[in-house]
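Structure, as structure tokens:
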């Protein structure tokens, strides 16, 4: 049994980590930190889990950085994560970080996008971007994984096979994303106040959301040249899920069967990517509560337009599920452990 | 490994059975019936489960009544269940029935409420009402369990301790219930058409919903005299969950601590009933996707009014979760097997 | 043309007042106050109205108490209203107050319920409770109307005819109310954060919500003796609307036709109360955005149980619509002016 | 007072027509047809309007084609409209048609898209496409207006100024649209069943929705050359509203101020198009229940990407509101008559 700690356990991604790790047969949650709910039992901070983890009250972060455990999940704000990760790694504790702190290969880019000075640039070099579908072997060997942002996960999984196989133009790519409100976190603001959200849809983050450079980084690596996606997120009147609808232009002479082959090659054996059969299109409802990413595509050979649609649960495959998947690889567990729950539908 | 069959697998309760049984380590789903989707693979009838149970297509019911399996769940319409149950039981297959066919102790009452002639009145005598919190030992020994209706589950769990301990008047009890739309099944009708439901709340089933006599039956048994609850269901703009708000009058000299003691006695050791601490009130969101029933109460000693609030997921504790819980008792599994998933929140 | 001022114009009830008064042919909105959005144009504080009332920026309250207008609506927090109302009335400006400050006939009761010292007890004596269905003639003659709370409106309109005609017992009355989230105002808090509300229903305000004494006051006056309703509000995953389901016991020998007659007598000629024909039950969707109150009832003569259901839009008939209705009476306009919009459905 | 008839009055667009025409001072609704609800009073077919239009029961269409009225709105299925329009026009009754029958300039294109033979190709020639922002003067003079589809309205209003001014490439245009469920009509189907829609988002209509050729037709006319938009509609968990997010490439040397100027020129004086100030983005909630179309745009001069976002209420500006707006022009009423209601928010 691995003892794991969750830092920042009282946000939505923290709760999801608890939910999934409670069903993980190889793990015991041995520490939870929360600045807001310190010294309270789990059930008080979060009513759905009342009665669980009876002994475990939330501790202040500072008290727990020296405690005993075998791995740590950091569900902390960016810039806080990087200041904690160092001391954990120094003590030999592997870290799965859900913040943006270790996602960028360029520290100056990170600093410009997030408007802060990076706390541990030297650690960033050794971090691996936590998309097992692309970096599985590197994740197995690292001690520091940077779980991707929710939007980048949906867009990268959708477009990576097409760019790495050279099937689409690197220019003019559009990623129109629709997200549930939980992506905005648990802090109440007017923009996420129930009466302001229900029954409406709106874009936000224009001209440039900070997940845009992150997806550009990975898609550029896939393409072998610079890719700059036009990315617009939209807020939906729903809690969970991201649907990414991506638009691109097929290169000359690319046929529908080439696109099909690229997806089969990339994801044919992936445990959490489901390529939909003809006639079906992804829906965020079909993956809710699960670690699945559903993908479908349509190619119009005449106009050379390609449309790719991917759906994830932003709190699972887009955050905490991906974190557990990476952890399993790092710790030598079967990759699906703790992640076998089917979608909750309806 | 027990091989189980699910009859009527393509309604919402059928899907829930599949979802939970897939996580049950002692069970293999070996047969699925569906009239509507016969010969189709699971993922086509129900996109969220695509890729699962790869070999298992849906068969017509008639083909499967003679197949080999160790237990059967019947998620069939009332009156159909009772016509199937007999041949299964005759072959020695234990049956967990989710319909109303075996819930009533009086066949004439059943026939008057459901407007049909009972197909197997002799079997009904041996059936046990599937509320483990009340009938656990009898469920362990039966071969035919009648899973309670969703509303009766929420109301009976809320009121049973008060009536069996003689703490409230049997007269004037009100049960005001609020339900999600999934309780109405998967068949599209104008009343459940999205634009007609979203953003509104309305009562239905007045003057008398057919779950009313069912709850009266069990509460009368608890009280030892006839109880006739005034029950009004309301349709909420949400998918899952029932909240039952029950109102009663405390008998003279009954104090708040007596009420507390009755609940502790009844449910103190129950795995799926959570008695909320002071300050908390149940919410259907806190139990969504789980088999929990959350209960809280308030007693105004001066006016002698008692308010009891209970919350369940109508598809889990109100149907398929209760079915699995009963099955575990009947088959000798730990009672919580397959039911350990925490609520999905938010 | 009457010039009217709206104090506290940037809450939901303030916006509703603007919406309705813009369609009122006899009114010109000449002043708007807002502490939060002072000096901003209307469209910035509230995007749906951008381009309207072009000249009118929001002013601080203190600047406007001396401005010129013919009537004032106060959509201010309780205790603030009463401190403003006095100077307005002293200048001869009639006041329609949406706060609780002038709703109580007993100042000590008000002070105990709201936990404050009343600022203008002498004014309270002359205030009229703003339910035209009961106090129409008194509203015509007053200069200070106290618009009822949203829950009291739904419950009082539902039960008043039965109590004033002596058809139900004054004891054991239950009012189970379901409200949309807009009733909680525009201030973001965790309890009204979108992900916490969507898809769930929960009670709140137990043991005693502050609207309870208000409805008791009016129902006691109707009954001619003390009535203490057991009132429980519930939060729905929707924005607008209150559904009140009220339960009572008919007095001996009261027949269904007596109940019918009482409602016909009370509301047969009311412009905004709709008594539903047999077979229909109220839904909050059927009144959304309108000033209607829909009412239906069911009587079980054998058990003597009476169930009354009423539905309103909490922001219209439960607040701003009632305010305009009262204003029309006070100012001599046709009662329906500005209130003719049909419900927005679906 | 003009007497108007509504053919097909019991779908959502029919109800919207009634709602708006009831507030139109120059109109009397003198006839309503419904095949489904014939001979029933309005309040029975549609509870929100109970008590209104007391004398008016729904008649069968065939009975009413010969009745007396001054104008007709056809809210009928495609192909039915064209068979009714002829006899009305022959009797001198001007027609506002909400179906697709008269929207296409090419009969063969219509027939290929809708899979039917056109019933009145000769009438189609004289029909005017009902977008007053583009065809105002022609609408004033016609006797047959074809109200645009909901998606085309949102996309055409968003892109027309850019194409008619030659500011964007005609190739590679993407229109990603998000719609509420009411666009699918009032007929219950599994795809619009509440539990299947709530909490999820999904694309549909791929590879080619039938509104695609309609928007291509008008945008090609604007551009003066063939435009083929890549259009993907998505179903949102909400009732009303369309948000169109359109992506295009600015032509060389086009600056942000040119785009601004094009929108000002096109819509600066339009009563129902609101160009949002910097910092604001459209939301479907901000236009709900109103005839407004809100538009904003962002130009990245460096990458030459242009993003245009437009929001409408699909049942108002996307259908019945546009119909009333056209009717006002045809009948000589002020263009805003019956359309002055502000958005219902929240």
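Think of it as A, B, C and D in the order they're written, each chain with its own count starting at 1.
Operating definition for what follows: a contact is a pair of C-beta atoms (placed from the backbone, for glycine too) under 8 Å apart; a residue touches a chain by one contact, two chains touch by 3 or more.
Worth saying up front: this structure is predicted, and the values here are computed from it rather than measured.
A.B. asks: Mind listing the chains that sit against chain C and also against chain D?
C.D. replies: Output, common partners of chain C and chain D: A, B.
A.B. asks: If you tally the C-beta contacts, which comes out ahead, B-D or A-B?
C.D. replies: Here the pair linked by more C-beta pairs in contact is A-B.
A.B. asks: Just give me the whole-number Å value for how far the CA centre of chain A lies from that of chain D.
C.D. replies: Averaging C-alpha atoms per chain gives centres 39 Å apart.
A.B. asks: Report, in whole Å, the distance between the mean C-alpha point of chain B and the mean C-alpha point of chain D.
C.D. replies: Taking the mean C-alpha position of each chain, the two centres sit 46 Å apart.
A.B. asks: Quick check: how many Å separate the C-alpha centres of chain A and chain B?
C.D. replies: Chain A and chain B have C-alpha centres separated by 36 Å.
A.B. asks: Give me the residues of chain C that touch two or more other chains.
C.D. replies: 12, 180, 182, 195, 198-199, 237-240, 283, 285-286, 288, 346
A.B. asks: Any idea which chain C residues touch chain A in the complex?
C.D. replies: Against chain A, chain C makes touches at 12, 180-182, 186-190, 192-195, 197-199, 237-239.
A.B. asks: Which of the residues in chain D come into contact with chain C in the complex?
C.D. replies: Listed in rising order, the residues of chain D that touch chain C are 12, 15, 18-19, 22-23, 43, 46-52, 182, 198-199, 239-240, 274, 276-277, 280, 283, 285-290, 340-346.
A.B. asks: Considering only the defined contacts, which chain A positions touch chain D in the complex?
C.D. replies: Its residues touching chain D are 172, 174, 176, 178, 180, 195-196, 198-204, 206-207, 228, 230, 232, 234, 236-241, 243, 245, 247, 249, 281-286, 288, 298, 300, 303, 305, 307, 309, 311, 346.
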